[in-house]
Amino acid sequence: MKNYQKLKGLVAATFTPMYPNGDIHYAVIGQYAQHIVDSGISGVFVCGTTGEFTSLTTEERKQILEHWVKAARGRFKVIAHVGSDNQRESVKLSRHAAETGAWGVGSIAPGFFKPASVRDLIGFFKPVAAAAPELPFYYYNMPSMTGVSLSVAQFLQEGKQEIPNLAGVKYTHNNLMEMGDCIHLDDGAFEVLHGYDEMLVCGLALGAVAGVGSTYNYSPSVYLNIMKAMEEGDLASARAFQMQSIEIVKVIIKYGGGVRGGKAIMNLIGIECGGCRLPIAPFEKEEYDSLRKDLKEIGFWGK
Amino acid sequence: MKNYQKLKGLVAATFTPMYPNGDIHYAVIGQYAQHIVDSGISGVFVCGTTGEFTSLTTEERKQILEHWVKAARGRFKVIAHVGSDNQRESVKLSRHAAETGAWGVGSIAPGFFKPASVRDLIGFFKPVAAAAPELPFYYYNMPSMTGVSLSVAQFLQEGKQEIPNLAGVKYTHNNLMEMGDCIHLDDGAFEVLHGYDEMLVCGLALGAVAGVGSTYNYSPSVYLNIMKAMEEGDLASARAFQMQSIEIVKVIIKYGGGVRGGKAIMNLIGIECGGCRLPIAPFEKEEYDSLRKDLKEIGFWGK
Amino acid sequence: MKNYQKLKGLVAATFTPMYPNGDIHYAVIGQYAQHIVDSGISGVFVCGTTGEFTSLTTEERKQILEHWVKAARGRFKVIAHVGSDNQRESVKLSRHAAETGAWGVGSIAPGFFKPASVRDLIGFFKPVAAAAPELPFYYYNMPSMTGVSLSVAQFLQEGKQEIPNLAGVKYTHNNLMEMGDCIHLDDGAFEVLHGYDEMLVCGLALGAVAGVGSTYNYSPSVYLNIMKAMEEGDLASARAFQMQSIEIVKVIIKYGGGVRGGKAIMNLIGIECGGCRLPIAPFEKEEYDSLRKDLKEIGFWGK
Amino acid sequence: MKNYQKLKGLVAATFTPMYPNGDIHYAVIGQYAQHIVDSGISGVFVCGTTGEFTSLTTEERKQILEHWVKAARGRFKVIAHVGSDNQRESVKLSRHAAETGAWGVGSIAPGFFKPASVRDLIGFFKPVAAAAPELPFYYYNMPSMTGVSLSVAQFLQEGKQEIPNLAGVKYTHNNLMEMGDCIHLDDGAFEVLHGYDEMLVCGLALGAVAGVGSTYNYSPSVYLNIMKAMEEGDLASARAFQMQSIEIVKVIIKYGGGVRGGKAIMNLIGIECGGCRLPIAPFEKEEYDSLRKDLKEIGFWGK
């Protein structure tokens, strides 16, 4: 297997900026990219769950990616999420990602029809990964959304035989035992990107060195501080920052979760991401007032 | 609300014929349609779960529908399934269904992002139904696939206020109490299409007069006999035929479920539907031998 | 296997009468038994889920059963539920049931530690059934409460080899396909007692001839009418009565389910069953007022 | 609220020694207690899930506790698990624990009938905790076994108002965000005992200072090393030991889980705990051979 540059640090799962009518607001991406650079974030994961990929057309996903690659100007890594229940669409998106100049590709498992075995999942991903053969391919494991609960360690080991550019997994699941297992599999041959922001210290304690998250978009310093403290073995500080993260996540859960609540926070910090497409409910005016107040209470705006 | 012609009898959820390489085999649809006519089936439900809609592109779904409408020549009803996690795609498919001459449209709930309330589900469906305003719109309720478990009765009652062409529900769920409730809601204002073939007598006992199913494709007489016996109050006969149905369903479950196993049976009865697209695993040669034997054992080919 | 008298008709799952302080109010059982006789009910299922068996001590369960056997005076069948997570307690209860003169015994599966296979479940039940060797033994299948989802058909077939007095199953689950399968297994060798009152017509349509339920306690005529209409092939009438049943079940669900809401209804019809033991919450005074009103609205008290 | 001595370090959830016929082998407890002392373990949690409490009679639970208190001779803390679906049994066990000289009591939530709200859970526990008023009371939260998923933070805060001796929670759940939240609740007013051995570093990273686990019984040094390394901020070492723990847990999962597999390991290390009571299946002779081999492969016996 080729030796890909290891991903380190924080990768923000980006929101998809939208106009009030739901059309994509491409123009925001330039400002958003500058915000990423200023934040110290190492990369972005484009059109994933946070980016509402299932609510976007294939054409929109392509254009959004193109805008990100262009706006990044090599200042941070751009990973294209190319997952879809439709394998053929996924292959097209993967090829497009390679042509566009994305740094890597990732894909969630199909969730309507679920692969019955690791073998079926490998079969599903194989042409997808092969369509971007020079890029690292990451399996985006998120059973809470897909209902697919196959062994990730088995997938990595067997998948490696058929998918040469399989680099690792974005692990968004609370089975931290399995996560630890994957990190140490084959002497650390695979990259395991931590996926649950609210327990980043746990993933780092187990050996993860990178994370993909949505709250990194608007609270980057909290997580950069966690990373730094953990590197220095300063658990007390890491824990204190993690508690700030937990407070933030409690707020977004109150407002319908990371996509709906997170997008609203993006608007509050000045990156105009607009609202979500249905079936995620519109964010009401009064909710913004209440959200602002809740964020103030947890010291989100500083003290 | 307009008074739509009530749907009665059996509606076959069609398989999508494919070539060995996975491309759509449109030419089979003509023969398939004749088979439907010969079977005494009243209608087809095109590109639903059985038709692997999540594995098809929007363009493919349009073309498949066009072939069905053309092949039907008014001899049976053609209901277009237009569901998608992507509301905009769904709206396009709905408009296309109306333009193409479909008899009705149906849509499953979005399942990746799940509507948090009945209100959100109505909001999601509203423009979809409005894109085919002259056609009856059916909500395709199937929590086992979508994970969406909202109250169907509430959806029908509240949805009717905003979706004038809401005709009823394709009810594919084992909560028969709720199903009975929906049948009798507002003095029977809504059509409730029974969705689980293996318990058709149960739905009919509760008052359903129509069913949508995948095994109707290859065992129509079993179900027509159930319908007839139930109409005549001949429970013993109905039950005997239902047991035949249960035996068939046990076989398809053994082969991976109604889509995978059912498509293989279609091939055996001479309608060349081919295999499934991934992530549904390919059907192996030896499996066909075994399947043939299992079908023989349950008397599928007659005695 | 011995040929046991087939159970036919309705079996009421009895509530356990309690004083305000939670002590068992044994004296009520005599009146309760007369109510059963007057209702036309064929039997009682004592200390099952409805009887709050997990909240009772072994000694209380014994005494309650003794009171029921004595009060029945052979006028209806008394089935003792002897299930427990603790096999040794279960064996004692089973032996006691035989000594006390119960007509049959039944047992739910252990649910904290779950049997990993049908074989383990058989192993668990074997000494329990053997402790009452002359009585029919029923497996009480209720996955929604136990989380045990083993194949019931397999259990019946394999269990019969080791448990000579295995008579059948109280089937309280919405997998009606499996229920139909069990009814017709080995040419009807097993008794399958329908367990969900709100869909009794479905079970009867599939061939069941007996049911065990909690709402039979206070709405016996509704179910006797369903049984009669189904026997006569009068589906329209059966359905109409089933809809009355569904309305009743909707009410008890509103009040916390069949045990909590049902016990309150018993009090309203004059059988002083009192409240439930914790963790089932006490029934408040205002709830009784509201319940009375809800029951009036659905015509529970006649028209 | 009284200021209880904070629990620190490792608490072993003890297995219940049994003879081949399933009777309790009380005589082993003395040797077992010495093993605990030699191991450097701070306490034991008696008759919890690991101790098969649901398979034991109330009388057995009392006697087992008495043996442990006696054998401990004050050399380690003895926490009595007094949980039961039956509140009255639970109260008796709690009173007995206090009389016997246990250091603390803990209780799992009732799982057959599930408390519908935090308020109901508090109502259920209140008399249980009050029966041992001088001892710290721990809520044993384990949704995977009970199906009870109420907010633990809410329980702690509201429960404290009614249960003066509520000390904290044994947190056996993978919602580490909630666990972190509980640790920091009210400035650390509650003790949060980490419950999943295979992710101890995660709990410690979040601020836990104690853990209750079953693998501590036979791999104490692995966990003592984790505790020590984490205290010193030596994450690399902690992680390496945690990986040893994960390997052990993978083995016990292979053999049916922590109770079945763990009890077999106890026999291998010379503490004769025997087999489990049904419904946990007996451990076969060949399984012991295989287990021995698997343990050797992961270096369980040293290198």
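Going in written order, the chains are labelled A, B, C and D, and every chain counts its residues from 1.
Keep this in mind: a residue touches a chain if its C-beta (ideal position, glycine included) is under 8 Å from a C-beta of that chain, and two chains touch if they have at least 3 such contacts.
Because the structure is a prediction, the values reported are computed rather than measured.
Chemist: Please give the intersection of the contact partners of subunit B with those of subunit C.
Modeler: Correct list: empty, since no chain touches both.
Chemist: Looking at subunit C with subunit D, do both copies bring the same residues to the contact (over half shared) or different ones?
Modeler: Mostly same residues: over half of the interface numbers shared.
Chemist: Superimpose the Cα trace of subunit A on the Cα trace of subunit B, which carries the same sequence, then give the rotation angle to the nearest 5°.
Modeler: Copies differ by a rotation of 180 degrees.
Chemist: How many Å are there between the centre of subunit A and the centre of subunit D, using C-alpha atoms for each centre?
Modeler: One centre to the other, that is 36 Å.
Chemist: Using the average of all C-alpha atoms in each chain as its centre, how far is it in Å between subunit A and subunit C?
Modeler: 50
Chemist: Considering subunit C alone, which of its residues make contact with at least two other chains?
Modeler: none
Chemist: With touch defined as at the start, can you tell me which subunit D residues reach subunit C in the complex?
Modeler: Against subunit C, subunit D makes touches at 22, 52, 54-57, 85-89, 109-117, 119-121, 123-124, 145, 147, 256, 259, 277-281.
Chemist: Could you list, by residue number, the parts of subunit D that touch subunit A in their complex?
Modeler: Result: residues 174-177, 180-181, 184, 196, 198-199, 201-202, 204-207, 230, 232-235, 238-239, 242-243, 246, 249-250 of subunit D touch subunit A.
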